[in-house]
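Heads up, the next two complexes both have chain A, just with different partners, chain B and then chain C.
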Partner chain A sequence: MNKLFGKYKKQEVLAAGFFLAPDVIGLLFIYVIPIIFVLYLSFHSWTGFDSIKFIGLNNYLVLFKDPLWLKSLRVTFFYVLLYVPIVTLGSLGLAVLVNTNLPEIKLFRTVYFLPIVMPLVVAAIVWEFIYMPSYGFLNYIFDIFGLSKHAFLGSENEALISVIIVSTWRQLGYYMVIYLAGLKDIPKMYYDASKVDGANPLKQFIHVTLPMLKPVITFVVVVNLIFALQDFDPVYVLTKGGPNYATYLQTYYIYEKGFRFLKMGLASSASIILLIIILTGSLAQLKIFRGGEYE
Partner chain B sequence: MNRNTIKNLVFRKILMRVLLIIVAIIMFFPFLWMVSGAFKPSDEVMEYPPRIIPSEVRFENFTELFKEVPFERYMINSFIVAGSITLSSLLFHSMAGYALARLRFPGRRFLFIGILSTMMIPFYSIVIPLFIIIRQVGWYDTYLGLIIPWIPHAFGIFLLRQYYITFPKELVDAAVIDGCSHIGVFFRIALPLSKPILAALGVIFFISNWDRFLWPLLITSSAEMRVVPLGVVQFKGQYVAHWNLVLAGATVACIPTIIIFMMLQNFIVKGVKTTGIKG
Partner chain C sequence: MKKLSILLFVAVFIISILFFGVSCKKETEDIAEQMVEEATDKTEEEVIDENTEEEIIEEVTIKFWKYQDENEQETLEALVAKFNEENEDINVVFETFPWEQYTGEKLITAIAGGMGPDVYWLSAGDFLKFVMNGLVLPLNDTFTENLQADFLEQSIKAVTIGESIYGVPHEMGVQSLIYDKKLFEQEGLNPPGDWDELIEVALKLKTGTRWGITLPTHPDVFENFIWYPWLWMAGGEVVDSSWTKATINESGGAQALQLWGDLVNKYEVASPKGGTAFGEDIATGHSAMAMLGHWVVDNYKANYPDFEIGVAQLPPLTKDSKSIAAYGGWWSVVNSQTEHPEAAKKFAVWLFGQDSQNCIDLLTPPGTYLSPRKSVMDEVVNIDYYKEWPHPVYIEEIWPNTRPEPAYPAEIVVAITEAIQEVLFGGSTGQEAADNAAEKINSYLSGPDGDKVRGLLK
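Presenting the complex of A and B:
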């Protein structure tokens, strides 16, 4: 026993075991075993009730030929392509806007942060009401400005962006707070120095603020990407993946195949691919942003 | 300063306020519209052009809502679920974080990297096996099924580990010299002194677990087990034409988190910063 522990104190090792046991066992059962299980299932055919049949790569082959899955891959791609820049830049804009010392600025910060307090599905319900084609408030605004009424969630072209607006509205304040903390961390002397050099506010923003915020921006982009690839609730409430699969995200495909059509194997292979997309996406972004540091 | 620069400055201040107010209206409007709709009579809620202020304030919408569905039960369920997850997470994560930061044992680095790597597993890629496992264990449609999967969380462990690394070593050493065991040091000294960070993290944990929707949708079937977000969505499905009742439900669903927000605003902002920046 003493040899095994060597330089470690037995009492300390036992205490560590006691402290770590609940979380490590939990992580094992909630993450590690399921991820192995899902990989196993992706090579099998199973409804969740009958016996499991090994079918090799068949699920993946079916997936790559399934027009619905390919469509959902495209939808997810566009979702991320729109959502990530809108939230990343929008929240940065808000942070810059509220980073002043007006006496009432705290009130504005609070109001901007408030949407995060509304549960996401509740936000989706309220926005559905705002989006209503015939009597919705947004169409009322459009009407005032002499624009024609829109179907929003009912239109194949507008549904995806309408869903993105809901998620964006809810998340902006959260990332604003993160950016704001980053902005406050930038030493004031950098701004003073650049002012002496004759930089205007725009130049200061490009040459001082942005480079100093780079780690925060990287964080926000990566977190947003992971979040966007896993968005589900607003789609479930607002469009159920429609109209004509215009908002059929990868997560919705997994949900429907696995839990409505009970194709556990097929849904598992889709899960594996989503995992690969999320991992490569976030690693690539970390790499891109990090690469810039050595310029 | 000449007159032009002063004029410019005043102009900029006005422009900024206008911008601030426009954004504030966009951010706040959905709240206003929800509450306004929640008090309207059922025909007025679908009136066009819409009126902002209801012609009469109908509190009956709320009494009707509670008569139609056991909303108070949903509330209690959500409190039990989000509360248990928050308390257990705080305890287990600070224990694990403390061990990883402060105790010396074989395989510490390996274990830490192992824990961190589970952070990369997205929930949607494990939802199927997790569902099967929970059903197999017999936790389908139970509190345990709603609670247990959300307790282990690598990110929480990571944040608390970072916190305990900067924890003053002298306090711990003094206690050890006094003959306190490691477990005693943690519970009597480290844990009580970490109240501020635990409060900040706790609020974030609670709000994000109050928000869960897909998992309760999958793992529960009876009305007695329904949590608030699921209850609101299913209520909406049943009462499509009664927007005033649906919005009353939505309003009620927001109240707990709004109260928490108003009471603990500083903790929340601190929590966002801790979970955001140091991550």
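Presenting the complex of A and C:
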């Protein structure tokens, strides 16, 4: 402790503690204690109303044998696999686009950001109309071009990608703003120097923009991965995990086990495994993308 | 300088807290002093009178929860106000929550956290789960047999487990076939008279932008609720009467599942993405028929006044067999954790179990439900509103052939939902899906939970 705070004066440490205390206490009650309780519950059987009974690893064994949990794991894996690259690259593309000096670009920035502030329930109504089999907007467009009609949210094969499109549409604008801040932070002299060296805009993007944005990209990828693994709302609003479990994410499995079946222990063990997956994924990504900050 | 400003800030913060504390303390002391003075001014007689009065009117506060529904809000607020006025010793606080929240996690988390309501509304889909977990208080002593006598036998049976009655039913959402009346007239068609005709009519009315019929396709309890009558009309049941084995995989279950699968996949007359529970797709011309019910009538009247609603009984399996519809609804129940069981029971029973006028107030003007009370239905048929089309069809033709929505434990409910999803989307035949459901149900019934259910139902 002395080593840690040695370079600060006692009053400074006290003041820092004073200012940090509300957040630390908040985090302790909102995150740390519930996580510890969930870990404790994962070794117990509890409906939420009866007494908590210790059952050892039984919840985990049930989970590993449950074909629905395994299916949900597969669905979540595909969800993350598609969602993270689309949002990471899509929002980067948008940020580069709105970072130009095109006329009315501020309007576009606002338009791209709008989905994140729109309530999901409202957005879901619009998207349900767009996806409607037979007479929805997309099928109308397909029809004009002579393409066959699709069921989208009503198809086991198309529902997951349809939900991913809604999720990414909502998040693109948010990460665009983060990338935009990163882009604005890159000193202009690098671009000037590369221009003198004869670099075209594509080369500038590859050799200047991308390396300079590496810390921001790391942040976006990690946050996106965490978000994708925790995503719940679009599935809840659009498909309820269907059709035939095609959009049954881990979070939906946890929700159903907890609130529909009142198996809080089982839901907790699934939550712990999800937590481990998120931690492992995030740490792996941090390790892969580590470094690269420019001086 | 930095140090000084931090110290200054901390000092100002502490001083302001102390100042606030002192002023509060002073205020409290002043109030206390004033009260002491007032008390000493009073005569002994006055003090005794006050104490006696306090003993008599010791008000208890109870919470009453339900989902949000603007049609019922005003009536319920008025009824709660009336109860509070009539009962000086009870103060009912009425709260509503968004539908998804209320039927999802709200009730469960609130009750588990000891912050639940004293009285709340519950439906058949969750009934067994709540009773099995001891979350509902029996009402036998308050909801007496005299009061029960005014209710339909099947409605009382639906809220009774063993010897205990757990809820006061107050509304019946009766299912029916809803169709576009103008379209049927234009095409010279009559509502289908059996399952074969249902397919035939749906095929005739399907176009590139209009489905022949709409089924609920979301994997939830509403889908089950709409499917049950098709099972019954085919002569099937989910489990046997002793709750020892699944019977869903007998011919009735497989046939009913096959019909739904065929409507979507073989004939492609039903949308794989069902419309809303309020049938907007029919009113907007995107579907010709839907398996819905009485509850859509008010929605059409309010939002699609030009749309002519067609209502018919659900088509039976064959012309010789009988049409059966299910009716859903909500029940007022009392939380077993309530600190004021007598007050809560009194309110729950008073609300729709005693004065029939309360039920009539609830049914009019929305007019989207019928009542499980005989005296109320006797009155309702005389109200002009209920004489208007299509209410008489529900009252005279459909209602006599209804069964209440059955209550099953969550595991059985999900097994049924999975079977429906399998035929709609998984490419299974009706028999395969029914066999899978039966396996899951039998596994549940043969375990300790099965014993628990049988024990309760004895």
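What we mean here is this: the second predicted complex is superposed on the first by the 264 of 295 C-alpha atoms of A that agree within 3 Å, B and C clash if a C-alpha of one lies under 4 Å from a C-alpha of the other, contacts with A are read in each partner's own complex, and residues count from 1 in each chain.
In the analysis below, contacts are C-beta pairs under 8 Å (C-beta built on N, C-alpha and C of every residue); 3 or more make two chains touch, one makes a residue touch a chain.
All of these numbers come straight from a predicted model, not from anything done at the bench.
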| item | value |
| --- | --- |
| Combined model on chain A where chain B meets chain C, clash or fit | clash |
| First (chain B), second (chain C), both or neither touched by A:Phe259 | both |
| Greater chain A contact set [chain C / chain B] | B |
| First (chain B), second (chain C), both or neither touched by A:Pro34 | first |
| Which superposed partner A:Gly241 touches (first chain B, second chain C, both, neither) | second |
| Which superposed partner A:Phe64 touches (first chain B, second chain C, both, neither) | neither |
| First, second, both or neither for A:Asp50, with chain B first and chain C second | second |
| Contacts of A:Phe205 with chain B and chain C, given as first, second, both or neither | neither |
| Contacts of A:Gly154 with chain B and chain C, given as first, second, both or neither | second |
| Which of chain B and chain C A:Ser134 touches, first, second, both or neither | both |
| Part of chain B, among the options 203-211, 221-229 or 257-265, whose backbone runs into chain C after overlay | 221-229 |
| Contact residues common to both interfaces of chain A (with chain B and with chain C) | 9, 11-12, 15, 18, 48, 132, 134-135, 143, 236, 255, 259 |
| Residues on chain A engaged by chain C in the complex (per definition of touch) | 9, 11-12, 15, 18, 47-50, 128, 131-135, 143, 151-156, 236, 239-246, 255, 259-262 |
| Touching residues on chain B, where the partner in the complex is chain A | 13, 16-17, 19-20, 23-24, 26-31, 33-34, 37, 46-50, 92-93, 95-96, 98-100, 103-106, 108, 111, 115, 118, 120-133, 148-149, 151-152, 154, 157, 181-183, 186, 207, 210-211, 213-214, 217-218, 228-229, 232-233, 236, 243, 246-247, 250, 253-254, 257-258, 260-261, 265, 269, 272-273, 276-277, 279 |
| Residues of chain A that touch chain B when the two form their complex | 4-6, 8-9, 11-13, 15-20, 22-24, 26-27, 29-35, 37-38, 41, 48, 94, 97-98, 100, 102, 105, 108, 110-123, 125-127, 129-130, 132, 134-135, 137, 140, 143, 169, 172-175, 177-178, 181-182, 216, 219, 223, 226, 229-230, 232-233, 236-237, 250-251, 254-255, 258-259, 264, 267-268, 271-272, 274-275, 278-279, 282 |
| In the complex, chain C residues that touch chain A | 3, 6-7, 10, 100, 104-105, 108-109, 111-112, 129, 133-135, 208-211, 217-220, 271-274, 286, 410-411, 414, 418, 421-422, 424-426 |
